[in-house]
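Okay, handing you the structure first.
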Amino acid sequence: MSKFPTDLSDDIIDNLRAEYKNESVRSFSPELEEILHKPVPVLDHGFVRVIDYMGTDASIVQAARVSYGIGTKKAQEDKGLINYLMRHNHTTPFEMCELKLHVKLPIFVMRQWVRHRTANINEYSARYSILGNEFYLPEIDQIARQSDSNRQGKSENAMEPIQAQEILDAIAGVQKDAYEKYSHLLDDMALTREIARTLLPIGIYTEMYWKIDLHNLLHFLKLRTDSHAQYEIRCYANVILDIVKKWVPYTYDAFVNYRQKAVSLPHHCINLINRALGGEKISQENSGLSKGEWQEFTKIFPLDK
Amino acid sequence: MSKFPTDLSDDIIDNLRAEYKNESVRSFSPELEEILHKPVPVLDHGFVRVIDYMGTDASIVQAARVSYGIGTKKAQEDKGLINYLMRHNHTTPFEMCELKLHVKLPIFVMRQWVRHRTANINEYSARYSILGNEFYLPEIDQIARQSDSNRQGKSENAMEPIQAQEILDAIAGVQKDAYEKYSHLLDDMALTREIARTLLPIGIYTEMYWKIDLHNLLHFLKLRTDSHAQYEIRCYANVILDIVKKWVPYTYDAFVNYRQKAVSLPHHCINLINRALGGEKISQENSGLSKGEWQEFTKIFPLDK
Amino acid sequence: MSKFPTDLSDDIIDNLRAEYKNESVRSFSPELEEILHKPVPVLDHGFVRVIDYMGTDASIVQAARVSYGIGTKKAQEDKGLINYLMRHNHTTPFEMCELKLHVKLPIFVMRQWVRHRTANINEYSARYSILGNEFYLPEIDQIARQSDSNRQGKSENAMEPIQAQEILDAIAGVQKDAYEKYSHLLDDMALTREIARTLLPIGIYTEMYWKIDLHNLLHFLKLRTDSHAQYEIRCYANVILDIVKKWVPYTYDAFVNYRQKAVSLPHHCINLINRALGGEKISQENSGLSKGEWQEFTKIFPLDK
Amino acid sequence: MSKFPTDLSDDIIDNLRAEYKNESVRSFSPELEEILHKPVPVLDHGFVRVIDYMGTDASIVQAARVSYGIGTKKAQEDKGLINYLMRHNHTTPFEMCELKLHVKLPIFVMRQWVRHRTANINEYSARYSILGNEFYLPEIDQIARQSDSNRQGKSENAMEPIQAQEILDAIAGVQKDAYEKYSHLLDDMALTREIARTLLPIGIYTEMYWKIDLHNLLHFLKLRTDSHAQYEIRCYANVILDIVKKWVPYTYDAFVNYRQKAVSLPHHCINLINRALGGEKISQENSGLSKGEWQEFTKIFPLDK
C-alpha cells in the first residue's frame, strides 16, 4: 500500500548507504559522497536529498578538452579553465555533469519549479495515492503586509505579531478543514482520489525525484536564489547551491562570481560608466535612464552618492 | 489594475477579429480562421481558444519535400504523403506547424498539462495578481466510487445521487470557505498575494497562453485523449483535437488512424496472432501472457470469443 | 525527380506570394510581409528567406500581460514593457513568437547551426537526393594566415593576394575533383547516394527549413553575431538580425541594447569599477585580474588610458 | 598541443581505471563497470566507450514507485514493473538513468546523430584543432548498386568485386588528395584551420562526448538499429544496444520486446486482422490497403501465404 510521506530516519539512510556501497571506476566527488541519500531539511516539512550524481569539475574540463586531445591535468589549470568557460558562456561542458535529487516541497513551490523544462521529473501522484496531512505554514516573520510600491515583494513594515498569528491561524484553519473533508470523502464516501484531491490547498506537500544537468541547474539557481524569487523556493535553491559547492567546488566559485553576483550591463550603461570614469557628474537627468533603471543602476554603482 | 478572469464576450471577440484583419501571404487555414480568437467552453468555467497558428497540411508536405526539391502539389498526393510520414514516424515535418492557444483550466489540470515540456507557456500569476472566485465542481455523474480493482479509474457502480450531492456540497463548502479567507487576508489583513494564495484549493481556475508545435501537440493528444487520462484533461484534449481537425484535416485523419486508434503490438504478440492465423487455438495458458496482458490483448483481438 | 538547388527566380517568388494571399485575422507584421518568401543572398551561393512567422511585438506584450488581464495597448507602453522584460530576463513571453526560414548554406556552417537544439529542422537529404555542384569558396580577403597568438581568429597580417589566390585554387581544385568523382560513382558506377556523398567536402551547399521561437532565435543571434563566431555563420546571423528588425522592431532595439551590446560584469569587476569611480587608480597589478581578463576588461572600460 | 586522434591503448585505459577507483554509495551496475573507459571498435577507425553512467534498472523502479512511497524490492517484481512501464509508455522513469559515451565516428554519421536533440554534446573542433588523417572507407561488401525500386537502400544484386574495388580506390583517392591539400594549406600556406578544413570530405573521422538519458537513448536505438537506418550508424547503434544490455538488463529485454521488435498497428489494420481471425480471406483487393502498405503488412502477418 501507498506510504506517504517517505520515511527517512537515520537508520534507514544508514542502511541505504551501506547497501549501495561498491567499488566504482566512475568520476568521484568525495564531499558529495559524504551526504548522499541524507535529507537536508527545508521549510517546515520539506527536504532535499542527493540520490545520485554524474561527473565532477574534472569531467567539465575533460569535455572542454576533447577539442585538444587529452590535455594536462593540474588542478590550478582546471580551475582557470572552468573560470574561462563560465566567463565566455561556453556552456556545453557543464552539461556533462548530472545531479539527481529527491525533494519534498509544497505544491505552490512545485508549480514554480516545474517551469524549468530541461529536467526529468517523477512526482508523487495524488491520482493513485493519498497525500499526507502536511501543509506549509510560514514562520511568523515571513508574514508581512502586501507592499503597495512593490506588488511582488514584501513591505518593510512587518505587521504586529498578534495580526500575523491571526493570519497563520486562518491559513491553518483552512488546511485542517480541507484535509478532514479529503479524508472523509475518501474513507466514508469512497470518492475517487483524483477528484477528492481537488479540494486540497496548494500549500500541501508533495514529493518528487528531479534530475538535471549542471548547466541547467546553474540557470535554475541563478533565477531562484535571486532576491526577486519567492522566499520559499529560495530556501530550496540555497540548499541546492550548498550541495553544488560540495560537488563541483571550482564551478561553484565561477558561478558565484561570473553569474550569480554578476550584472548584465546594457550598452547605454557602459557609456554612462565611461562618462563617469572620465570625470563627468552623472545624474538621472543626464543619464537618459528611467527612474526605475536609475535606481537599479545606482544600487550597483552608487553614482548618486 | 489586474482583471481576472479575462472578459471574452462576443463583442470583444468580434472587435478583436476586426482589428486583426489583414491581407497576408502566409500559409492559410480557412476553417481555422473561422474560429480564431473565439473561446470554446470546457468544463464548468473553462475554455480553449485559438490565438494564432503557423502552417497547414501543405507546410508539412513542403518540409518533407525539401529533400526532393520543389515537388508536385496535387492534394491527393499530399494526403498520401502525410499518411506515409505518420506511418513511418517521420516526425520532423509535423514540427513545422505551430499552434497558440489561450486556455482557462483548473490548477490540477494545469499540473498535468505542464508536464509536456516541449511547449511555451505564460500563465496567470497569483504572486502578482488576485485569482477569481471560480472553482471546478464536477457534474454529478462524474462523482463515482473509487474502484478497488482499478485504483486509477472509476467504479462502474456509480453511487446514489443523494450521496453524490453530499460530496459536491462538501467540496463546494471548502472552496467557498477558502475563497472567503483568501479575500479576507488580502483585503482586511493586507497579506501578500504570494502567501495568501497558498490556502486556495487546486480546483481553482487559472489561465495560460500555450504554444506548441504540431508533432508535440499530437503526442499530447495521444496521451490525453486516452481513456486512462483523467476525465477533466480529456475534455480539453478532445476540444483541441476538434481544432486540429479544422486546422490540418489530412494530418488529423492520419493521426487518428496511425496513432490514436493504433496499437503497439509487442514482439511476442505478433507471434501469437500468427499462431492464431495459422489455426492454433490460443488461450491465456498457452499464450505466455500474464492475466493483465491477456485482458489487454483480447480486448483488441477477441481470441477468447 | 529530385531538383536541387531550389529554383527561386523572381517570377516563382511572385507567383508564390500571389498564391498565398489571403485575408487573415492573425497577428500581423507589415514590414515582414513585404519580404516573405523572397531570398536574401548570403555568401557566394547561399540565401535566407522567411517562409512564415507567428506573432509580433504585441504578442509578446499580450503574453506578458496574461498575468494582469487584458491591459492597455498604447505603443509607447508596449516598448517600455518589452525593454523591461528583456532587462529582467523574463524570457517566456519572447517564446510566443515563431519564425520559419528556408536557408541555403555550406555543410560546415550547418554543423555549427544544428548545435542550437531548441529548433525544428528539415534538411535536404543526400541519402535520398543528389547534391548540386555548389561549394563555398571564400572571398580573397577572407583568406588570412592562422594567427599564432589567437588560434581561433585570423592574423592581422593578411597574406599576399598571389598566395591567397593559390589557396583558393587549391580548395577549388579539391572541390571540382570531388564532385566529378561523385558524379562518376553515381552515374557510371551506380553507387548508392548515401555512400557516394561521403567523399564530398564539407564546403558543399545544403538547404534546410528552420523554425525557432524568438527567445531561442535571439540566443542564436547573440552567439552567432559575436566577433568570436566564424565569419561565415556571422554573415547568416547578420542577415537574420535584419529580418528580426523588420519583424519585431521593439524587441530588436531591446535585444541590441540589453543583450548583443551588453556585457556581463563579474562580481569582482563591479568592485573594480566602484574603486575606480571612487578615485583609485586601477592597474592590472592591483586589479587581481589575469592578463587576459584585464585586456577584456579595459577594452570595455579603458582604465589603462 | 592538440593531439588527435585520442590515444587509447590498453595501458592508458588500465591506468585510467585504476586512477578512478573509489568506494561509492551510488547506484551501481556491475557488468557496465567491467567495460568502463574501454573502447569498443566500430567501423574501420571508430569506437564507442562508456565514460560514465547514472542509475540502473532499480533506479527506474525507484522513480516509478515514488508515487507509492518506498515499495518492495524483489527482483522479479522489478522486472514486471519495468515491462509494465514500457508497455504503457510511462516514459519518465527511464529518464532517471543517464549514460555518457566517448564516440569516434565519420562526420556524415555525426550529422545524423546530432539530430537527436535531447542530448549533451562536446565535439572535437576543427576550428581550433587539426583533424587526423583518418577517413571512413566502406568494406567491399558494403559497396552496392543504387537500387531503383528503393532509393534509400541497397540493391540485392551486389556488384562485381572488381567494380567495388574501383569505387573504393576512387573514394580513397579523393580522401588522400584532400588531406594532402589540407596539410599543405596549414603547414606551408599558414591558412586558418577553420577555412582549411572546408575542403575535407564528410567521411573524415571526428570525436565527441555524448550524454543522454535512457528514455531518449532508447528512442535513438529504436530509430538507428532499424533496417531503414544507414548501415554505418546502425553499426554504432548495435554496439550501444549491447552496452544497454549490460547496464540495465531488464530494460533491455522490455525494449527489445515492446519497442524494437514491436509493430505499431494502425486502426484499419486491427480490423483486417480481426476479419482474418474470423475466417475471412484477406487480399490486397479487399483490404483497402495500398500496395506499399499491403507489402509492409504481409511481411509481418503473411496473410498472402
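Per-chain numbering from 1; labels A, B, C and D assigned in written order.
The rule is short, and it goes like this: a residue touches a chain if its C-beta (ideal position, glycine included) is under 8 Å from a C-beta of that chain, and two chains touch if they have at least 3 such contacts.
Treat the numbers as computed from the prediction; the structure is a model and nothing was measured.
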item	value
Those chains which touch chain B and also touch chain A	C, D
Contact-richer chain pair (by C-beta pairs counted) among A-C and B-C	B-C
Distance from the mean Cα position of chain C to that of chain A, given in whole angstrom	33
Between chain C and chain B, distance of the C-alpha-averaged centres to the nearest whole Å	35
Overlap residues in chain B, where contacts from two or more other chains coincide	121, 128
Chain C partner contacts - residues on chain D that touch it in the complex	106-108, 111, 114-115, 117-118, 121, 127-128, 136, 138, 142-147, 151-154, 159, 163, 166-167, 170-171, 173-175, 177-178, 181, 184-186, 189-195, 197-203, 230
In the complex with chain C, residue positions of chain B that touch it	1-4, 6-7, 16-17, 20-28, 30, 33, 36-37, 52-55, 59, 62-64, 66-70, 92-93, 95-96, 98, 100, 102, 120-125, 128-129, 207-209, 211, 213
Chain A-facing residues of chain C, complex	80, 84, 87-89, 223, 228, 256-258, 261-268, 270, 273-274, 276-277, 290, 293, 300-303
